[in-house]
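Both complexes shown next keep subunit A, but they swap its partner, so subunit B is in the first and subunit C is in the second.
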Partner chain A sequence: MAENKFAAYICSGCGIGDVLDVKGLEGTAKKDGKMAEVKSHPFLCNAEGVQLIKDDIANNGVTHVCIAACSRRAKTEAFNFPEVAVSRANLREGVIWVIAEGSDHDEIRQEMAEDYVRMGCAEVKKMALPDGNLKESSSKRILVVGGGISGMTAALAAADAGYEVVIVEKTGELGGFARNLVKRVPFSGPYAEPQATGVEDMAAKIGANSRITVHLNSTLAETAGAPGRFKAKIAQESGAITEELVGAIVQATGFTPYDVNKLTELGGGQDNVVDQAGLEALAKSANGGVIKRADGKEVKSVVFVQCAGQRGSGGNGNGHHLEYCSGHCCATSIKQAMYFKDANPDVDTVVMYSDLRVPGMGEDFYRSAQQKGVIFTKSKVNKVAGGGSCKVDFKDLILDEDTSVDADLVVLATGQVPNAGVNLDKWTEIVTLADGGDAAAKAQTIEMKKGSVLNLEYRQGPDMPQFKYGFADSHFICFPYETRRTGIYAAGPVRRPMDMLQAQEDATGAALKAIQAVENVEKGRAAHPRAGDLSFPKARLEGCTQCKRCTVECPFGAIDEDEKRFPVFNEERCRRCGTCMGACPVRVISFENYSCDTVGSQIKAVNVPDEFEEKPRILLLACENDAYPALDMAGLQRLTYSAYVRAIPVRCLGSVNTIWITDSLNSGYDGVMMMGCKHGDDYQCHFVKGSELAGYRMSKIGDTLKQMGLEEERVITHEVAITDHERVAKLINDYVAQIQEIGLSPMKF
Partner chain B sequence: MSDLNTQAVARYKNNFLKEVEERVEDGHWVKMCMQCGVCAGSCPLGPAWQHSPQKIFMMIRAGKREEVLGSDSMWMCTSCYNCIVRCPRKLPITHIMHGLANYAHRLDLAPKGQPTREIARLFWDNLVKTGRVNELKFSLAMYFKDGFAQGIKNAMAMQGIGLGLMKAKRLNPMEIVGGHKCKDIPGIHKMVAKAREIEDRRRGLA
Partner chain C sequence: MTASIATNQTILVVGGGISGMTAALEAAECGKQVILVEKTPTLGGRTAQLYRYFPKMCHPTCGLEINLRRIKGNPNVKVMTMTEVTAVAGARGNYNVTLKVAPRYVNENCTACGDCGKAVTTEVADVFNYGQGKTGAKVKAAYLPHVMAYPQRYVIDPSIVGTPEGEAAKSACKYGAVDLGMKEETVQLNVGAVVWATGWRPFDANKIQPYGYDRYANVITSVEFERLADPHGPTGGKILRPSDGKEAKNVAFIQCAGSRDENYLRHCSRICCMATLKQTQYVREAFGDEGKSTVYYIDIRAIDRFEDFYAKVWQDKTVSFVKSKVARIAENAANGNPVLHGVDTEGYHRYATEHDLVVLAVGMEPEVKGVKLPDDIVLDSSSFIEGSKDGGMFGAGAAASPLDVNRAVQSATAASLKAIQVIHKSASTEAA
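Now for the complex of A and B:
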């Protein structure tokens, strides 16, 4: 291997040269940064400047490049040198744009720029060019679990894009829930009439597609491996097992209607009180004619009760059923009311709603039903009595009075319950007990596993993590198609309540994610959000203490354990957030271009002035996803903040190893600020759990600070969103003021 | 109960919405209301009404026939058109209100002595008589609509304005005898009768 040669390039464009002493910076890079080559250029990102760097790489044997110019988020295409390791010192957004103008600030501005150059040089020295995670062979086939509308759409989309698809369907035919519908809500203009479901057409297309293999009457007995090499054991009803090798999985297992019999207060379980699925069955047997009840009587009046057992206490339901709105039921009731009106306009159809929610173009459909004479009554239904003549007691919310109406049939619009398999939180609890030798818990795990959909052979449990209401995982706020199980994507009502049109869109999205996953695996790259990243975690296992923190904390379940409890990395599942690296107490986990050392050396490269100079130094560890862009944005807006901070971008706050904090405080820093994404139920962390774990770790750092004889305020964490550019500047200034009040660190030497 | 009313009750039984759709001008719009309440919030006379348009529409759907037709609400409308402009469902609310008022009046279910209704009736009778509005007779009819003593009081109170109008030649005292009129009064009467016939036929009131 050729010898490493380090070079620094300093840009004096964009006003950098006007306010900074570029010659001085060159000296810093040479003397402190120990760069073999140091060059400056008045316009580094233009063709000439880039050529200068390219020539040095090609002819001068430069292997490591530090570019001191703009933020690492700017000019990424110009400064793209895939054959060498590159670090960026942020002189533009990080220094000249955010430090107050005027000669009063010349000194501290220059000091800041020098520190950033030192840091860039120190970082690049510890970096290596990642070689990617190439495997000899990887499968590009896509497994679709569930053959309903979502599953069939995903399968057809993936097949149309040229990928082989395997469908596993539990029942004897494709079509799922939609197969039992008479008609569906319209998807296109004029949104006035119910349409044919199109299920048969889709099933026929799948049958005729040579790229799609269908396993009917089958379930997944076991799914092992990682993206690009999932081994799925498909069990048929008969017990026969087929093994399929697939690259990615789309879980489109749909929903089950909430058990109507549980809605006793709304007449659930009584005669002539049905749910929407029950009405579809009645309408199907009517076959376009007048709809008759189960007892054969023609329905002359029907009442639809919306939000039955849904939306907690807010809607028509009650708190002990479903908390959420299932989204499709208003439009579905409208459609079903049309079944009656279309067959016989004299049938009394009343829809009792508290808030009619018709997403998409549903408003037009709603209007169409009104034209047909469907009556909509804003009301809260208190009680339904079934029987030969049903009676609905309700409060009219417009006229503010309690009243009742008689009907031949009552339809309860119940909600969607996702078929998401095992709840991993409960699973982990039980498994921990079982591992402790609890025989009952052990039996319970076997029982629980019977309810699993994917039967994953992952240390974290057999299914995808679930949301608050038991829906399968997704990054709900920022990246709805993403999940915490790389290469496995949920689509349709298993992910969130939705109607058929939304499910189809969702399924095409999931199919695309699956395609991305298999393509990335083939090239040895990471998937979202560090798409294309070739680095992956490497562990020096000889130093490992088998503490299991990395395996437990990995948000993506990428790390399994071997028999000796050493971590086993499944790089294909890894998203390169570095949470394992932040977790490791003995610091044996690192990436080629991001490690305890690359950041640690930057921390050490900062010149900490002695206490008599009265210039504090604050370390700012900023998440590269939201906080660091917000800092850049502050620069773009020319907001000023203190020149005493030194910002280092991190992949995720979850990757922050406490050694960085103790090291910086030990070497005389006066404070450490951390900025990461919001965590909690409405998290914005791009790695889902990273910022939460960081918050948890930092809550324990008080003891360490006490041991060091430092105030607790010397380490603070903030939740920052990408739009918070004004706030980050204020947070920094406030913190610097606070540190100056507390006084400088006693650890300076 | 008027004959028309008895006939309507017999014909529509409990389906008041259908009755409104067929017999009230623009009544077919009532079913399109989505109960958002923008009309109720936009009406400048909102607090003075017994029922907002939103409630009127809901009451129609709930079959509250006597309450709707006996309500004074439709008579309170000043035709400011705020509700029409703001209605997200584009319902001609003002027109529906007038249609309902008219229908209630035809069935004689509208509130007795409701001032708007009385003035409208006086105006109509005044106009149809000669084909021209006789302002003096209309004013006097209004003064005396609540009895002779009240009429004298009203006339005394308006004395100054009356004299002023006379001085400015805006009011001719001679109008009290006969007054100006159309050339073909029987023709006007025939025309109005024909219009009513057509209207009644169209709305099933014949």
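Now for the complex of A and C:
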């Protein structure tokens, strides 16, 4: 292997050379940074400046480059040298744009710039070029769990893009819930009439597609491994097991209608009170003719009760069973009212609703129903009595009066309950008890596992982590597929309540993500949100104390344990957030280009003045996605903050190892600030738990500070949003003032 | 010129908002070559102009930052801003696309140092802050569209090219980045599939005559209100009404302004109910218990788990709901307050209610409505893109249907795979 050669390039453009002594910085890079080559350029990001660096890499043996210029977020394309390790010292957004103008500040501004140059040099010296997590072979087949509309759509979508697909369906035929529908809500213009479901066509296409293998009457008995190398044990009803090697998984396990019998206040379980699925069954037996009840009587009047047992706490639904709205039910009831009207226009059809929810082109379908004579009544249903003649008591919200209506049949629009398998929060609770020797809990885990869909052999549990109300959704508005199990994507109503049109689109999107997962694994790189990252965690297991923190805290369930309780890293599941690195008390986990060392050496590289100089030094660890850009934008707007702060971007606050805090305080820093994303219910951390974990770890640091004889104010954590440009500047200034009030650290020497 | 940057294995994505960025990135991260063209000088589209998202009240720029980082780090995506598609010839798997690239007058040497902006005094409408509308926001004629703009490169407004102001901008630049001689260019591309992620525009409020957007200063649109609430907007985040700059504490929100009305937009725009519920919380954020929001609605369409957000706002004492389609707005000439007239259908009584400010929850109209598209494109009755007859072009996001951000991203991800299928088919046909 060729020898390492370190070089620093300092830009004097954008005013850097006007307010900083660039010659002095060159000296710093040479002397303190120990760079073999140091060059400055008046306009480093232009073609000539970039060429200077390229030439040094090509002809001069440079392997490590520190660029002291603008922020790492700026001129990224220009300073792109994939064949060498690169660090960026932020002299523009991080120094000259944020430190007050004028000669009064010359000295501290220059000191800040010198520190950033030292830090950039120190960091790059500890960096290695990641080579990716390359495995000898990986599977690109896609496993689709569930053969309903969503699953069939995902399977056909992936197969049409050239990928092999394996479908596992627990019943004896494809089609799922949609197979029992007479027709579906229209999905193309003119949105006036119900349309054929197309289920048979899709099933036939799948049967004829040589890329798709179908396992009927089958479930997943075990799913082991990781993206690119999942081993799925598929159990048939007969008990026979087939093993399939797959690269990624689409979970399209659909929904179960909420149990109508539980809606006793709305006549659930009584004669001639059915749910929407029950109505489809009656309509199916009518076969296009007049619809009859179970007792054979022709239905002359029907009432549809919307939001039956849904929209609980808002007080706008009918009943308090499910909190959410299932989205599809308004259009479904309209479609079902049309079944009656199309067979016999004289049938009275009344839809009782509080908010009719038919967005988009659904409005045309609603208009069409009104033209067919379907009556819509804004009302709150108080009681339904079933029987030979059903009675619906309701408050008419338009006429503002309590009244009632008789009907031959009442249809309750109940909600969707996701088939998402085991709730991992409950699972963890029970497993913890079982691990503690609780026999009842142990029995309960076995019982719980029977309800699992995926039966993942993951330390953190057998299914996808669930979001609110048990859906396997993503928490992120911009990234609907950003869930906590890499390479496993939920699609359709198991992810979120939805109609068939959305489910098909969702399934197509999930198929793409599955394809992307297998392509990424083949190239040894990370999935979203650090897409393309070739680094991955490496552990020196000989130093490991088997404390299990990394396996418990990994937000993505990437780390299992072997029988001796050593961590087993499944790199293909890893999202490269570094939470494991932050968790590790003995610091044996690192990435090639991001480690306890790359950050620790930056901390040590800062020149901490002695106490007589009265210049505090504050370490700022900032989340690279939100807090660090906010600091940059403070710069772009020329907001000023204190020159005593030294900022280091981190992948996530979850990656912050407490050694960085104790080391910096030990070496005389006066305070440590951390800026990360909001946590709690509306968390914004894209690594889910990172900022929360950091908050937790820092809450424990008080004892350490006490032992060191330091005030607890020396370490402070803030939740910061990317838009907090003014606020980050203010937080820094306020903290510096606070530290000056407390006094400089006694640890300086 | 014919660009050699693309082949029939390349996917063209038209529109650089959240849907276009998503469609481009999802394909690129599957290993496909993508060209992403955007008409304006910067990526981000309309989501970048939002202060917060419902229901988490988080900031759109957080996701934008992630997407920009993905773009910066992915050599498979080539971004062309200030670029429009003028013609598409050929067929599925092998299109010839003509692009028109407008001059930015600033080249890639730009470092965003801001010296040109300092040298210029002329101001133009600040499009990012809806300055052409009621906010009246202005920006220097040499400007960065917004702080998160990507490419991070200034733009010279054409109005100062050929004037001393233009020359001032040019001479202020130390890096030779201002190029006033730039001309409009035409570029020809060969691509295999096209994703139209051209997004939406707010329905023209002037057309809803009974609401008097054109006559009453204190009747504004929901997108303008979004900029007023944003601390980085033209009022520094203060909710000040246009007529007299006073704080608007009593705000009326009129739902379905244009939507669900065959005179204007026949479809429901889906997002407006949630957007209004969110904006009532801006009023609360600004004024606490002293703020007052009144929502005039037909149906509150807070679908799926968005219901939680509705339930929360419903509990908020500062927010009230009136089931009514407002008939007309008048103005109290003495104080400039808009007066809303209509009938509350719950109980059926007439009202004439005065507010400090009226926000029209304007509907989503496809950005391509009225624009000449390739003959092969199939539109629905509201001009949303259903796809192409030959199956090689797809609508994505709000270009395809009125969608919120989450659904738009889902739609764009799906469209991305459909484009990949086209590429895959033509590759396997050629291989055979």
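As a convention for this text, the second predicted complex is superposed on the first by the 735 of 749 C-alpha atoms of A that agree within 3 Å, B and C clash if a C-alpha of one lies under 4 Å from a C-alpha of the other, contacts with A are read in each partner's own complex, and residues count from 1 in each chain.
Heads up, the rule we're going with is that contacts are C-beta pairs under 8 Å (C-beta built on N, C-alpha and C of every residue); 3 or more make two chains touch, one makes a residue touch a chain.
Being a predicted model, the structure only gives us computed values, none of them experimental.
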Subunit A superposed: clash or fit between subunit B and subunit C? clash
Which partner does A:M708 reach: the first (subunit B), the second (subunit C), both, or neither? neither
In the overlaid three-chain picture, which partner chain does A:K378 touch, first (subunit B) or second (subunit C), both, or neither? both
Can A:I398 be said to touch subunit B (first), subunit C (second), both, or neither? both
So, does A:A277 touch the first partner subunit B, the second partner subunit C, both, or neither? neither
Can A:N625 be said to touch subunit B (first), subunit C (second), both, or neither? second
A:L356 in the overlay: touching subunit B, subunit C, both, or neither? Say first, second, both or neither. both
With the two structures laid over each other on chain A, which partner does A:R311 touch: subunit B (first), subunit C (second), both, or neither? second
Considering only the touch criterion stated at the top, classify A:G13 as touching first (subunit B), second (subunit C), both, or neither. second
Where on subunit A do the contacts from subunit B and from subunit C line up? 356, 378, 398-399
Residues on subunit A engaged by subunit B in the complex (per definition of touch): 356, 366-367, 370-371, 373, 375-378, 396, 398-399, 403
Where on subunit B does subunit A make contact in their complex? 17, 31-32, 34-35, 54-55, 58-59, 61-62, 64, 89
Residue set of subunit A touching subunit C in the complex reads 13-15, 43, 45-46, 70, 73-77, 157, 160-162, 188-190, 311, 313-316, 323-327, 353, 355-364, 378, 397-400, 468-469, 471, 473, 475-481, 496-498, 502, 505-506, 508-509, 511-513, 515-516, 519-520, 528-529, 531-532, 625-626, 629, 633, 636-637, 677-678, 682, 684, 686, 721-723, 725-726
For subunit C, which residues count as touching subunit A in their complex? 18, 25-26, 29-31, 53, 56-67, 69-70, 72-74, 109, 111-113, 144, 147-148, 152, 174-175, 231-232, 260, 266-270, 299-308, 310-311, 314, 323, 345-348, 380-382, 384, 386, 401-403, 405-407, 409-411, 413-414, 416-418, 420-421, 424-425, 428
